[in-house]
Amino acid sequence: MWAFIHKLGSPPWFFGFSGTLVRWLLPVTVTLLLVGAVWGLLVAPPDFRQGNSYRIIYIHVPAAVVALAGYYVMAFAGAVSLIWRIKMADVTMRAAAPVGAVLTAIALVTGAIWGKPTWGAWWVWDARITSMLILLFLYLGVVALFEAYENKTAAARACAVLSLVGMVNIPIIYKSVDWWYSLHQPASIKFTGESAIDSSMLYPLLLMILAFYCLFALTLLLNMRAELLWTHRDSGWLKQLVGDT
Amino acid sequence: MLLQATQVAIERGDRRLLSDVDLSVSGGEIWQLVGANGVGKTSLLRGLAGVARLGVTGEIRHAGAFLYLGHASALKSSLSPVDNLRWHPASDVTASVSQICEALAAVNLAGYEYRPVGSLSAGQQRRVALARLLLSDAPLWLLDEPFTALDVAGCEWLEACVHRHVNAGGATVFTSHQPSRFGPLQQDLDLGRYAV
Amino acid sequence: MLLQATQVAIERGDRRLLSDVDLSVSGGEIWQLVGANGVGKTSLLRGLAGVARLGVTGEIRHAGAFLYLGHASALKSSLSPVDNLRWHPASDVTASVSQICEALAAVNLAGYEYRPVGSLSAGQQRRVALARLLLSDAPLWLLDEPFTALDVAGCEWLEACVHRHVNAGGATVFTSHQPSRFGPLQQDLDLGRYAV
Amino acid sequence: MPSDQPLLSLRVVFLRQFLRHGRSIMTSPADVANPLLFFFMVITLFPLGLGPDPTRLAALSHGILWVVALLASLMVSAKLFASDFEDGSLEQLALAPYPLAVTALAEISAHWLATGFLLALLSPLFGVMLGLPDEGLLTLSVSLLLGTVCLTLIGALGSALTVSIRRGGLLLSLLIIPLNVPVLIFGTTAVREAVLGGNPESWLALLGGLALGSLVVAPLAIGAALRVSLDS
Amino acid sequence: MPSDQPLLSLRVVFLRQFLRHGRSIMTSPADVANPLLFFFMVITLFPLGLGPDPTRLAALSHGILWVVALLASLMVSAKLFASDFEDGSLEQLALAPYPLAVTALAEISAHWLATGFLLALLSPLFGVMLGLPDEGLLTLSVSLLLGTVCLTLIGALGSALTVSIRRGGLLLSLLIIPLNVPVLIFGTTAVREAVLGGNPESWLALLGGLALGSLVVAPLAIGAALRVSLDS
Amino acid sequence: MYFESLAAVWHMDGHGFYVWLAYALTALPLVLMVWLPVKRIRQHWRWLQAEQRRSAAATQPTAMGSDV
């Protein structure tokens, strides 16, 4: 295990490994996305209360779930880079932030679109929605901080500190927003959330969640490879690799 | 040996400036860092002092305390010289008001003790910063362009001050664009030779 | 006559610094303002340029345009040298990128054209500011400590530049703590004589 | 700098300074995005503070949006001239053979375009989030368009007055908040009238009058204030 | 600076730095008055923006007071380390033989005493102005006392992270507003509970927990962030 | 397949606009998210190859490097 992590920290090994991984992951992700989308859009039956608008769930929920997980990936990478000074962790963190921000934005936008036919309003200050919005702000903060530093090594350290503090805060934020909402909860809004979901609707959803996880991994790897190619443009192993092709 | 630097390399913003710099400074020595604009004198001095750590590799060892005075003078422009000097952020030593006034008189700032530093001229501000030399007991001084903005009398005072310090067993590493400030007493470290 | 100052007196913060200063500068002349730290060189130069007006009395007349470069270099540290020099706030002249790159090459900053000014060394930043001399066609230069932070080659370049300017009929008024930068070519205005 | 060269017309000077400043803003997308994000974030603080009840929020939304716009514009313009003063650009501008009022106005215009204008354009989005009824959205946008002109000019005046003060410059510029009060009142009233089906036009006209008035008066005051700051 | 002198205990270092900073704050009354002034002025904007209806204002007052307190602390802490960084004091502090976390915490404490603490003490006054029922006044004060500790520490972290960035501007606000959300929620809820006759104690306890937690975590993060800023 | 006709797929009982808008607004960033780094990798790779060819040409005798 430790040896594997150590190997991950070595750019030449990682570059080769991620190349193979990407080659597998790309077709798998595309297939999963297509199958899941077609299943969810065309095959699954409509919800008995919301009708066809519920089909947005197949992108909304996966995006939200993966966006949340993405923050932990980013913060974990930040911790690794701060403690062990592993360059690859920097790169992971840097790549994860914009991807996570985009996924969060997708969850918010699809949620808002869903809200219009369901609640008649584009936006309400529901607990989950609000915490998702704050998550977006946290992501944007990391992205903006990274862009603001000229020295990218320093930028990575600063972002690592920020994302670690953010990680400590996320459970607190979620809990507090929950309490806030349950204290104020107005009667006029009903969230369909907890009701049991039929398996004919559940399977495509699980498939899409898996697809979004794959997509997250894929974009992470691609971004890391691009970053590696540039930062190691002068190193011998890369020159040899280029020469071999 | 007050300072021992071996195989020091300096990087700034993804660009390597200097590599394999070796420097050992003992009591009684004066070292001038020499080199063209942008060669990395300030960066090296900051590295030697330990202000910046990112991009500084190699071994840097200090024996004893040191005093670093950089371009920025660590003076609050809304406070008076006395208030500014009463406490030096980098050391435990607190000076008494009478000591401070003595030091200010030595740098020819008698009468300016209680004006805001921001309303002093460029050279006067530099003099306030240099008064720290008189209030510190650190054996090693690291000074980045200390002669800047000083008039002729000021430069002479600073030279005498460094002489006294060195004669008392201290050492000084400084940068300046004027060659051979201290004549045969000083040694040069020409950074042009280490530039990448 | 490019600049004519008669009976100029300077006050700062309720304190009179200088009085009865007379100075007339014609084309081909180099004037150095001389005096100890805090005597009022910067204040006088700002008065002559018209940057500060409060506390400046007497008559100051300009014939033609002039270029004033003070301590603060009017450079935005987040912009590149090229972006900074493209337009000089005090004049109508806009320079083309090729002119700017030429000027930057002349001050030995080729290769730094598109880095943020804030990431340059002290001397390099001063060089960017001095590149303005090459982009301006004003006959009179008012320069406050222009040699600060420049290395030996930089100082030589600046001296040559001033020589060229003066030979072409321009004039220069500058401050510096090093005496007689331009040998017999220059004239000194010793402010110690006018100090109150 | 009374020069021999033929002076450019003030319009050309304005345009040139405007473009220069605009380009400097455009080179960093963060400068454009940050004020909007700040606006967005502060708006989300209000539901968190006041509770999520949509009907109550909707009733308050025009007030919240306007107060936040005022605060955002204050915070953004508080530092308008600070960097120019510190790095010596202001000195140089003062030497130019044109009134400081014109060059300052050019800088302020570029700044407004990147902050107030964008904010006004995007404000309907924030209005929808707070549940502002659809009838109010257009009026919100227009009122902010006119209102941010005043707010920015007044903020610039505060910045010019305090730029040379070493301590507490930022906060002292808040002393100009009282000058913003009429803008706030006209703006909120216009939006409220629109929501209630009254006629917002007269209030918008008042706002427009304020904007015009400050476009005339404020630059002169700002030019004078900058001179004082340079002299101190 | 690994010196031969016997190192002072961290407590002494903390106290000394605290006193030094405190004295420097005291020499300029503006630094102390400004946050209070900001608080006062912004609060007066709300009746103007939301309409003067006293019952409605009273119902909203706890939220308004807390949001404004948050914004005030945002503005004040934005510049916490800026001057130290620019004038080189931070460099010197980093050379001291003590952890930056301790010296930074001392500075922050002095800062909090001059801003957050005073604000909490005076907040009942502002509460009365907005018509907050008397039952809520004490809780408001206590909640702000605990809350401003968190707000100041988080603000200091933001300042430490952005101090070396040339176009920092609003970036700091963007970084720390999301982190302040729990403080805002606990604080407003505590006051609301007190007004409605519920039990604010549990919310105050949560706030106290947050304050303690940030007292432990934030100084370390701030120390690391200041180091990064010096390195960049 | 739940729907009977393509038109029904499009219409979705009145919710088609929302569903398709949501899917479109998701698909666009997803495609960009994958395509942009792929483009960057291609660019960097080509740059590296060009660099290698350039340095190879520089080390080789000029007589052979005439094609560069």
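Residue numbering begins at 1 within each chain, and the chains themselves are lettered A, B, C, D, E and F in the order written.
What we mean here is this: a contact is a pair of C-beta atoms (placed from the backbone, for glycine too) under 8 Å apart; a residue touches a chain by one contact, two chains touch by 3 or more.
Remember, predicted model here, so these are calculated numbers, not experimental data.
Enquirer: From the centre of subunit A, which chain's CA centre is farthest?
Expert: It is C whose centre lies farthest from that of subunit A.
Enquirer: Measuring centre to centre with C-alpha atoms, which chain is farthest from subunit D?
Expert: B
Enquirer: Tell me which of A-F and B-D has more C-beta pairs in contact.
Expert: A-F
Enquirer: In terms of residue numbering, is the interface formed by subunit B and subunit C classified as same (over half shared) or different (under half shared)?
Expert: same
Enquirer: Would you kindly tell me how far, in whole Å, the mean C-alpha position of subunit F lies from that of subunit B?
Expert: Those two chain centres are 54 Å apart.
Enquirer: Could you state the distance in Å from the CA-based centre of subunit A to that of subunit B?
Expert: Roughly 49 Å, centre to centre.
Enquirer: Approximately how many whole Å separate the CA-defined centres of subunit B and subunit C?
Expert: From the centre of subunit B to the centre of subunit C is 28 Å.
Enquirer: With chain centres defined as C-alpha means, what is the inter-centre distance between subunit C and subunit D in Å?
Expert: A distance of 36 Å separates the two centres.
Enquirer: Which subunit E residues touch at least two other chains?
Expert: Subunit E, residues with two or more chain partners: 28, 167, 171, 174, 177-178, 181, 185, 228, 231-232.
Enquirer: Residues touching two or more other chains, restricted to subunit F: which are they?
Expert: As it turns out, subunit F has no residue touching two or more other chains.
Enquirer: At which residue positions does subunit B touch at least two other chains?
Expert: 12-13, 54-55, 71, 77-78
Enquirer: With touch defined as at the start, can you tell me which subunit E residues reach subunit D in the complex?
Expert: Subunit E reaches subunit D through residues 28, 30-31, 34-35, 37-38, 41-42, 45-46, 48-51, 60, 62-64, 66-67, 70-71, 75-76, 78-79, 167, 169-171, 173-174, 177-178, 181, 184-185, 188.
Enquirer: What residues on subunit E touch subunit B, complex-wise?
Expert: 1-5, 7-8, 13, 16, 20, 23-24, 27-28, 83, 86-89, 91-96, 103, 227-228, 230-232
Enquirer: Mind pulling up the subunit A residues that touch subunit F in the complex?
Expert: Spelled out, the residues of subunit A in touch with subunit F are 26, 33, 37, 41-46, 51-53, 55-56, 59-60, 63, 99, 102, 105-106, 109-110, 113-114, 116-117, 215, 218-219, 222-223, 225-226, 229-230, 233, 238-239, 242-243, 245.
Enquirer: Show me the residue ranges of subunit E that touch subunit A in the complex, using the header's touch definition.
Expert: 157, 161-162, 164-165, 167-168, 171, 174-175, 177-179, 181-182, 185-186, 189, 192, 210, 217-218, 221, 224-225, 228-229, 231-232
Enquirer: Over in the complex, which subunit D residues touch subunit A? Could you list them?
Expert: 30, 33-34, 37, 41, 44, 47-48, 51-55, 57, 128-129, 131
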